[in-house]
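There are structures below to look over.
Look at the two complexes coming up: chain A is in both, with chain B in one and chain C in the other.
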Partner chain A sequence: MLKRKYLPHYLMVAPFMVLFTVFFLYPIVSGFFYSFHKWNAAQPAVFIGLDNYRTILGSRDFEKAMWNLATYIVITVPLGIGTAFGLAVLVDSFTGRWAAFFRSVFFLPVVLPAFLAATIWRWIYTPNFGLLNMIFGWFGLPSVNFLNDTGVMLYSLIAVDVWVSAGFNMVIILAGLKNIPQELYEAARLDGATRFQQLIHVTIPMMSPVLFFVLTYGLISALQVFDVPWLLTGSSFSNYGGRRGALLFPVMDMMGRGFGGVKFGEAAAYGFLLTIVIMTVTAGMFTIRAWRERK
Partner chain B sequence: MKMKTTLTNGVAALALATGIGAASQAGAQELQYWVYSDFAQGDALALQQEFIAEFVKDHPGVSITITGKGDDDLTAGQVAGAASGTLPDIFMNATSVGAQLVSVGALANIHDQWMAMPQEYRDQFDADAIATCQPKPDEMYCIPYTGFGSLLFRNLTVLEKAGIDTSKAPATWDEWFAQMQTIKEAGFYAMPDESLVFNSIAAIYAMNGNPAEWGIDWDTKTTRITPEAMAATLQKFIDIKPLDSGTSRNDQATKDLFITNQLAYHETGPWVDPTYRQAAAESGLKYDFVLVPGLTEGSHGGIKSYEIIGVAPGPNQEIAFQFAAYVAEKNQMLRWAKLLSRYNANAAAMADPEVASLPLISVSVEAVKDAFDTQPPYFVQPVPSCYTSTVIDFASAAADGEMSAEEGAAEMIAELNACLQG
Partner chain C sequence: MTDIAATPRTGIEVWSILRWVLAILATIIAVLPIWWMINVVFSVPGEPVVINPRLWPTSLSSGLGKIHMILTETEYLRAYVVSLLYALLTIAGVTLIGSMAAFEFALFDFPGRRLLFSLVMLSLMVPVAVTIIPTYLLTAELGWLNTMQGLVVPGLSSAFGLFLLVQFMRSIPRDMIEAARLDGASHFDIYWHIVLPLSRNALITLAILTFMKTWGNYMWPLIVAPRPEMYTVGQVVGLFNSPYSHQTVDVVMTANLLAAVPPLIFFLIFQRKIVEGIAMSGSKG
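Moving on to the complex of A and B:
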């Protein structure tokens, strides 16, 4: 009787569950299985225990990729959110056509295909006569090799990523700003709060759920960074990560091991290590949020 | 009575239709043919479709669908297709990824089919190109198709403004380097930065070593690069660093510098020629292309490589091989060469008077004679990515003055051996 009662519910969730199982759950489970095997996708998989994990954790490329990733996240996520927040506050201060204009302009990089964004930035970063180096030249500064100088490459990537992601985060933050009741600002003004004080004591606290989402999403996206550094460095399966691996990131390393080295067991193990990192970071974020809410 | 006749006719028609359907199903062979994306556009696609139409006409019941894919998509699709049993029947790729494709079972061993072809057919092909497809005497994994040898594109306007006699190409490295210095003094960029891309490093290395000193010895898992030849190569990068544009040979910016008369030389493959030809027609670019000089007169640097046609193992292997052999045959390769002015591995086609006099082809035929294969030997083992990145890292570090040529060569070789053994 109970089963019959809930049958329509099961039927309604069934399409999602079938697709989820086939295209999401099964690849994850089979990936986990292959991560303990030596497998090149053609010959039968050979069980090798934790060897793939040991190989990855002991490799210099993994160390390099994780170090690059940590540095990238520490800078990109706060900088990206800060920029987006600033843009959102700026756009929020406009009304009518100007608001729509700025919102569209700042959102434009989000809709650009990654290859186009990378091509534009490769141009801007060109040594000697790229846009940036031309500007440097006007001020008598030497040309910078943004995409080959290992001391600069990571920051070149960060600039592109902030440019690309700021528009997306801005739209979300802007929606959050619009939902803050105006009475709160009126009350704050009556109490003599300056605009800065309103920002600190009204806007940011009221925006905390939105900022939490943007932060979590930004972190997860940053952990999976792949396309922009791949394109900026002109990477291929046989050679990726740019000079001295200065723009080598875990997903690139995983792809290279899989399709370049034909080591799919190793690539699967890499994916799981990355998944563990992402889940740990996400769980940490939710734990901190829950703890703060309890306080 | 009438109803009975109608029923009989209906059953007969149904039986006939079913029979025809079954017969056509039994005889039908649908082949998937994957090519590089630039082979699936414009005139190149039209000619490929012409080849397909001709082949299908002679092989009733066969249909062939051509699909263009980018470099990495091609490889990823073939590797994934091998794993899932959905490989295309015939496909192109580069010799440099041959080992990956063999290791995943994407490439059929066509040795027996190849040997069954008439001697006259087999003799059409460049012997070195065929050898790249044959890692062992009884193994053959491809038919070599299009290819290239390094060319040195010269911007004649820049050279003339720098006071260089353009009637003669530089015959030796010393002569070329002296010209580069003159060009820089005249306020132009001499070259792109050759230390940034594996292939340009290989092209310069080819001046200093011999083919036995290049590539990987898979038996001992060591590099064949010698310290002497690599040190001489790195020294050249150090020497030309002040003269270069800072862009790599593959950058769009390099082509733009060349087109806008700011860059004198561009060492690369023939694929830039259509761009430069268009610039010549539209903006008056004056350029030509010559062989990459060697250390001594008559010797040359540069690299060569081939695109290949491979066949997937499986029930369609025989007909797929027949199609691959048809496409690579002299008449087709001659038409291909005429259309694109591009060198290919069919030596008989390249020797045909109709194309032998085309400048891009005649220089390319000469270029491949002395050029090194990019990453030999092919079809043995996948070259780990650390190999190419190590070569680039040390070459560019030496060029930037971070280490001497000798130190760079010694450290590079030690690192390459560690990469191959790790």
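Moving on to the complex of A and C:
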């Protein structure tokens, strides 16, 4: 009788839960299984224990990709959020039509698919006659090989990345700014706080939950960066990562091993290694927050 | 005395000028790449950049000619249809399946509700990187490579969509549901005739965000639909831009511009909904 009563509820959640189980839970389990096997999808899988993990951890590509990732994240996440915060404060300082106008314009790059941002910037970065090098030329600066000079490539990627993502974070931060009670600013002003002091002592502390979200979300997506470096370097499964692997990142490395090298077991293991990294970072973020709140 | 009195005033004046300078500068940086793309399309091909740096459009007919050429002489139009179908079917599935589940999770109680909902919410923490290869292998086993269902179905159980809809539906007053029940409405009637119309705003927001995500999805179609007949716009744009495509910059930019048109139109129409949707997912996450 009990089952009868609840049947309509289960029927309604069934389509979602079935798809969720088949296309989300099952792949995680099967991926875990494959990660201990040598498998090319044509022959039967052969159990090889931890060999896939060992191969990856010992490979130079993995080391290169992780090193690139670390450098990339340390720069792009703070720079991206800082830019977004600046843009939000800027938009917030205007009212009415101008505020709406600047908000839309700064959001515009987010509207484009990330693959387009990469393909447009690839041409803007062209040596000699590319738009950016031409503008450099007007100021008497030498031409830069943005996508082929291994010392510059990472920064070229970061610039595109900030261009793409700043508007997204700006919108979230802006919504947070609107929620700060005006009385706090009035009280600070009565105490003689300058605009800058108000920013440091009122805005930023009040914004910490929003900044926490933006930072965590930004870190998780930066750890999985793929589209933009893949297209900026004109990568394919047989050749990816750009000159001397200067723009090789873990997800690219994983996809290359899976679809270029047809080593699906190794690719699955790579996915789990990445997940451990991402989960550790996320857990670290939450621990820091819990620790700060207790203080 | 005068100094002390003057400092705050100049501070305010400096800021009121500075903010305009910064805002205009940021506007130029945000818009210039897109503006440049448009100008490359609408200019005479082969005109040296030294004479015309493509900072303004010079030839409307030349641009229209290139658009016509790409749509008729390449496989672009087919990719457009594939991408649109991919986006529309995903939107239909995500909103329907998601709203059915959200309806239950938000408004009713049944054994296992909390467990199932926490399981789905927990999945928001799992990175795509770990599921993409096994999901591809499963799709291949099902024989769904290079098919529309292979593109669409694995993406239908959107945890983010469920979260967004549950958040919204929680605010629907239970009295309305009880009143309908007393009037003899069935469980499905309540979902279809009361909760769905009330959730219109959330559904539209989810549909728009799903469109942007599907239209911009590069990685999934790249691996699951590698045959030219099933190329999406993202893949075709990638090919136009690849180092071996031997296309001139103005043709490539025409391909890029065409890919940008649907999301730009969406943005112009639904701007407020898009911005609110993102702000909402941020403030409640």
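What we mean here is this: the second predicted complex is superposed on the first by the 278 of 295 C-alpha atoms of A that agree within 3 Å, B and C clash if a C-alpha of one lies under 4 Å from a C-alpha of the other, contacts with A are read in each partner's own complex, and residues count from 1 in each chain.
Going forward, a contact is a pair of C-beta atoms (placed from the backbone, for glycine too) under 8 Å apart; a residue touches a chain by one contact, two chains touch by 3 or more.
Everything numeric in this text was worked out from a predicted model, so none of it was measured.
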Clash or fit, chain B versus chain C on superposed chain A: clash
Chain B versus chain C as contact partner of A:42, first or second or both or neither: first
Partner chain in contact with A:143 - chain B first, chain C second, else both or neither: first
Partner with the higher number of touched chain A residues, chain C or chain B: C
First (chain B), second (chain C), both or neither touched by A:123: both
Chain B versus chain C as contact partner of A:249, first or second or both or neither: neither
Touching partner for A:61 - first (chain B), second (chain C), both, neither: first
Chain B versus chain C as contact partner of A:223, first or second or both or neither: second
Partner chain(s) touched by A:260 [first = chain B, second = chain C, both, neither]: first
Contacts of A:241 with chain B and chain C, given as first, second, both or neither: first
Which of chain B and chain C A:172 touches, first, second, both or neither: second
188-196, 224-232 or 260-268: stretch of chain C that collides with chain B: 224-232
Residues on chain A lying within both footprints (that of chain B and that of chain C): 41, 119, 122-123, 126, 129, 234, 236, 259, 264
Interface residues, chain A side, partner chain B - complex: 40-43, 59, 61, 119, 122-123, 126-130, 143, 145, 148, 234, 236-241, 243-245, 256, 259-262, 264
Interfacial residue positions of chain C with respect to chain A in the complex: 8, 11, 15, 19, 22-23, 26-27, 29-34, 36-37, 40, 49, 53-54, 97-98, 100-101, 103-105, 108, 110-111, 113, 116, 120, 123, 125-138, 140, 153-157, 159, 162, 187-188, 191, 212, 215-216, 218-219, 223, 234, 237-238, 240-243, 249, 252-253, 256, 259-260, 263-264, 266-267, 271, 274-275, 278-280, 282-283, 285
Partner chain C, residues of chain A touching it in the complex: 6, 8-10, 12-13, 15-17, 19-20, 22-24, 26-28, 30-31, 34, 41, 86-87, 90-91, 93-94, 102-109, 111-117, 119-124, 126, 129, 131, 134, 163, 167-168, 171-172, 174-176, 179, 194-195, 210, 213-214, 217, 220, 223-224, 226-227, 230-231, 234, 236, 250-251, 254-255, 258-259, 264, 267-268, 271-272, 274-275, 278-279, 282
Chain A partner contacts - residues on chain B that touch it in the complex: 71-72, 75-76, 79-80, 82-83, 96-97, 100, 103-106, 189, 193, 196, 198, 245-248, 250-253, 257, 262, 382-386, 388-389, 392-393, 396-397, 422
